[in-house]
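There are two complexes below, and they share chain A, which is joined by chain B in the first and by chain C in the second.
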Partner chain A sequence: MTLAEGVQLVSFGLLAIMVIGTALGVVLLPNIVYSAFLLGGVFISIAGLYVLLNAGFVAAAQILIYVGAVNILILFGIMLVNKNQPFSPVRRGWIRLFATGGVCLGLFALLATVVFGTSWQISSAVPAGDQATVLIGIHLFTDFLLPFELASILLLMAMIGDIVLARREILTDETPADAVSDALTLPERPRELVSATGETTED
Partner chain B sequence: MGQGIDLQRSFVELLTQLGLPSGAARAIWLPLPMTLILIAATVSIFVTVWLERKISAAAQQRIGPEYAGPLGTLQAAADGIKLLFKEDIVPSKADPILFTLGPALVVIPVFLSYLIVPFGQNMVITDIGVGIFLWIALSSITPIGLLMSGYSSNNKYSLLGGLRAAAQSISYEIPLALSVLAIVMMSNSLSTIDIVEQQAQYGILGWNVWRQPVGFLIFWVAALAECERLPFDLPEAEEELVAGYQTEYTGMKFGLFYVGSYVNLVLSALIFSVLYLGGWEFPVSVSWLASLLNVSETTPWLQVITAAIGIMMTVIKAYLLVFLAVLLRWTVPRVRIDQLLDLGWKFLLPVSLVNLLLTAALKITFPVAFGG
Partner chain C sequence: MIPLEYYLLLAAALFCIGIYGLVTSRNVIRVLMSIELLLNAVNLNLMAFSNYLDPATATGQAFAVFVISIAAAESAVGLAIILAIYRNRDTVDMEAFNLLKW
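Moving on, here comes the complex of A and B:
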């Protein structure tokens, strides 16, 4: 075993332990903030696995998008929505826990049998290495153009939806009528809802 | 461009001649450049802190640090030792794990980014294909550390500061990435080495500043905002937030934030000089000078001189930019948070998109000048 192989083996082991450990932490910890931070750990360790697979570009994109954007948005969501509300214990909650555990174990067993039962075709192509970035670009603009554009339209729709939802005109002069129940909400100017069928009310 | 000095090959050859197997020789070589860069990055903090104090003092017509070492050069060391010996306090209701992890998560990505900073043809830790993209990706980890330390301090000012810092660095990352993308488009590569080589032909005239005047300004503004330098130091705006996410920190944990911010400033300056100021290139092309003097590019003494000039040029350019950042600190007032977000989203983002499209159009129209 050469030095490179040894390093690969050790880092694969470490990364695998990190992925599984942090993922279990995300699911099992009761504190949602810990879960969110550990989710970042999951994403980073998966990026490490991509590096081991010679996919540097995918690894960097994984860190940039999942850690740098998705995870931070989740954290923002948690930290800005400060509903300090303790969970009320559910009666017979253990049934749910065991049912979930059973389903997860069954799913794992199913996938494991599939993984071991299939004779995988191992690609003999030379890894693209540093040329991967160019190849990904070529694929995105030729044979994967339609999915790429569809994804961008989907994102655009989500963005416009966000703007519509978030754009509110808050009235600062009036005091809320029922200030006790909605302590954190401010009075808003009522908006005309955009009709889904495109009919206008003017005529 | 000729073959620059290749220390790794020479070192490995030397050790194999001494009877070591080549694998072992490589393994011995591996930690050397990493340690060297780590030491260089750490020393750069001392230089930057000294510069900051002295230039700030000059801007305010004071003398600045004077007694610690000649011209106050050891002041940063004194500060560091003070921080090391301070009591390490974790506030009683803070979250001890996240409170400790936060500063580390801020510092580690910054130091990791030094992987891709080239000081010469072969003087870079790794010339990986994703190069500059790795820097952008790594710098997007930092906000998580800021959020973590802001949240775990159990202090309203800290939480607000952390949220502000994260919002700021997310919103300025986009114009930063777009202006880098314009450069990448011109040099057809993400590798920092290729980006410098593409600027190397005509000396100072070939540098990207002339071809990307808008992108260069956007990058500088966005980089200052990413480093939380003064016109954009809202996360720690004293009169609003005490010290932002750093409020509860003392001792070496606070020191880590301090180290992180200065190393990040030097790193941004280095990347800036690589992207726009020709990296290790001398204002007059060294290979052209050599051919003028009839010296072959493979002459050993010329290679040593080229390498030395390369390192010096990179460092000089970077410190010129640090000087500019310090001057800006004392000339520009701090912006408000809404002005900051307006500048980022409503001005820099559209301008950098237009810059990107313009670069693409120019690249198709004038492939000679814009790296077709």
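Moving on, here comes the complex of A and C:
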């Protein structure tokens, strides 16, 4: 990155504030749709940080895959399971909140101690810069060839698994009784609902 | 040059926020979003180490590309599981998914 020192520092500060603010919004806002859009903000700010870290290719991949695919997928999920239900408060739920907050603050303190206590061996070599794309390609087809092929198999398995998990069982041989009013619905195999309130029968 | 510690601190903060959301959320989809936050924090660490400790070979960037592809598959499978369980239980409350509890 050929930016001046001060410009880098100011952009890092702005991006860091955006990352932390939008991430807090994702976790804390009560409306899930706002959370999903703020998640896109987190992804875009992290892509900006990648640009500051001399990694233009990964920044572009981050925007394409995270903002373009994962975030849209999550928005689709929200709209498919669009249920506006008030959550019944859990008994002694505040214990969980405070315990989790304490654990997270402790983890952050631990990580900060490690970060500042370690003497990092900063390399003085010239960063790859725009050549990094070529280098990533060389890595993927020489020393990371096996993980690359395994990732392709994993993506195929994920795709087939999604189709199997999310499909409905449509009955194709039955015609609807009322052809006019049922014109836009497909006959679906009836399934038994498991009661959401918890089974209180056998134990 | 920005010190490496700043990036590591930012990633640690993002990771802690993600863990807090993962444990305390009631909505299933918010849990999925918290997992994405965790993965992004790890990616930020990888890229920072790649730029500061080993800038000439870009190995960390290749790692980050792998993590991004796995994360995309993970979120798709997670969403399919959520859809299936929502059709079955008709709720999005994490506390209601206690089928495997004794």
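In the analysis below, the second predicted complex is superposed on the first by the 163 of 203 C-alpha atoms of A that agree within 3 Å, B and C clash if a C-alpha of one lies under 4 Å from a C-alpha of the other, contacts with A are read in each partner's own complex, and residues count from 1 in each chain.
Assume contacts are C-beta pairs under 8 Å (C-beta built on N, C-alpha and C of every residue); 3 or more make two chains touch, one makes a residue touch a chain.
From a predicted model like this one, the values you see are computed outputs, not experimental measurements.
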Contact-wise, after the overlay, does A:L3 reach chain B, chain C, both or neither (first, second, both, neither)? first
* To do: Could you tell me if A:I74 is touching chain B, chain C, both of them or neither one (first, second, both, neither)?
  => second
Notebook entry, point to check: Now for A:A166: first (chain B), second (chain C), both, or neither, which partner does it touch?
Noted result: second
Notebook entry, point to check: Which partner does A:A60 reach: the first (chain B), the second (chain C), both, or neither?
Noted result: first
Winner on chain A touched-residue count between chain B and chain C: chain C
Pick one for A:F37: touches chain B only (first), chain C only (second), both, or neither. first
Task = Based on the superposed arrangement, let me know which partner A:V126 touches: chain B (first), chain C (second), both, or neither?
result = second
Output check: A:F108 vs chain B and chain C. Expected answer is one of first, second, both, neither. What do you get?
second
Residues on chain A touched by both chain B and chain C 57, 61, 69, 76, 80, 132
In the complex, chain B touches chain A at residues 23, 26-27, 98, 128-130, 133-134, 136-138, 140-141, 143-144, 147-148, 151, 159, 163, 166-167, 170, 173, 190-191
So, in the complex, the side of chain C touching chain A is made of residues 1-2, 4-10, 12-21, 23-30, 32-34, 36-37, 40, 43-44, 47-48, 50-59, 61-62, 64-66, 68-77, 79-84, 86-93, 95-96, 98-99
Interface with chain B, chain A side, in the complex: residues 2-3, 33-34, 37, 40, 44, 56-57, 60-61, 63-64, 67-69, 71-72, 75-76, 79-80, 129-133
Seen from chain A, its contact residues with chain C in the complex are 5, 8-9, 12, 16, 19-20, 23-24, 26-27, 32, 35-36, 39, 42-43, 46, 49-50, 52-55, 57-58, 61-62, 65-66, 69-70, 73-74, 76-78, 80-81, 83, 85, 87-88, 90, 96-97, 100-101, 103-105, 107-108, 111-112, 115-116, 120-123, 125-128, 132, 135-136, 139-140, 144, 147-148, 151, 154-155, 158-159, 161-162, 165-166, 168, 191, 193-194, 196-198
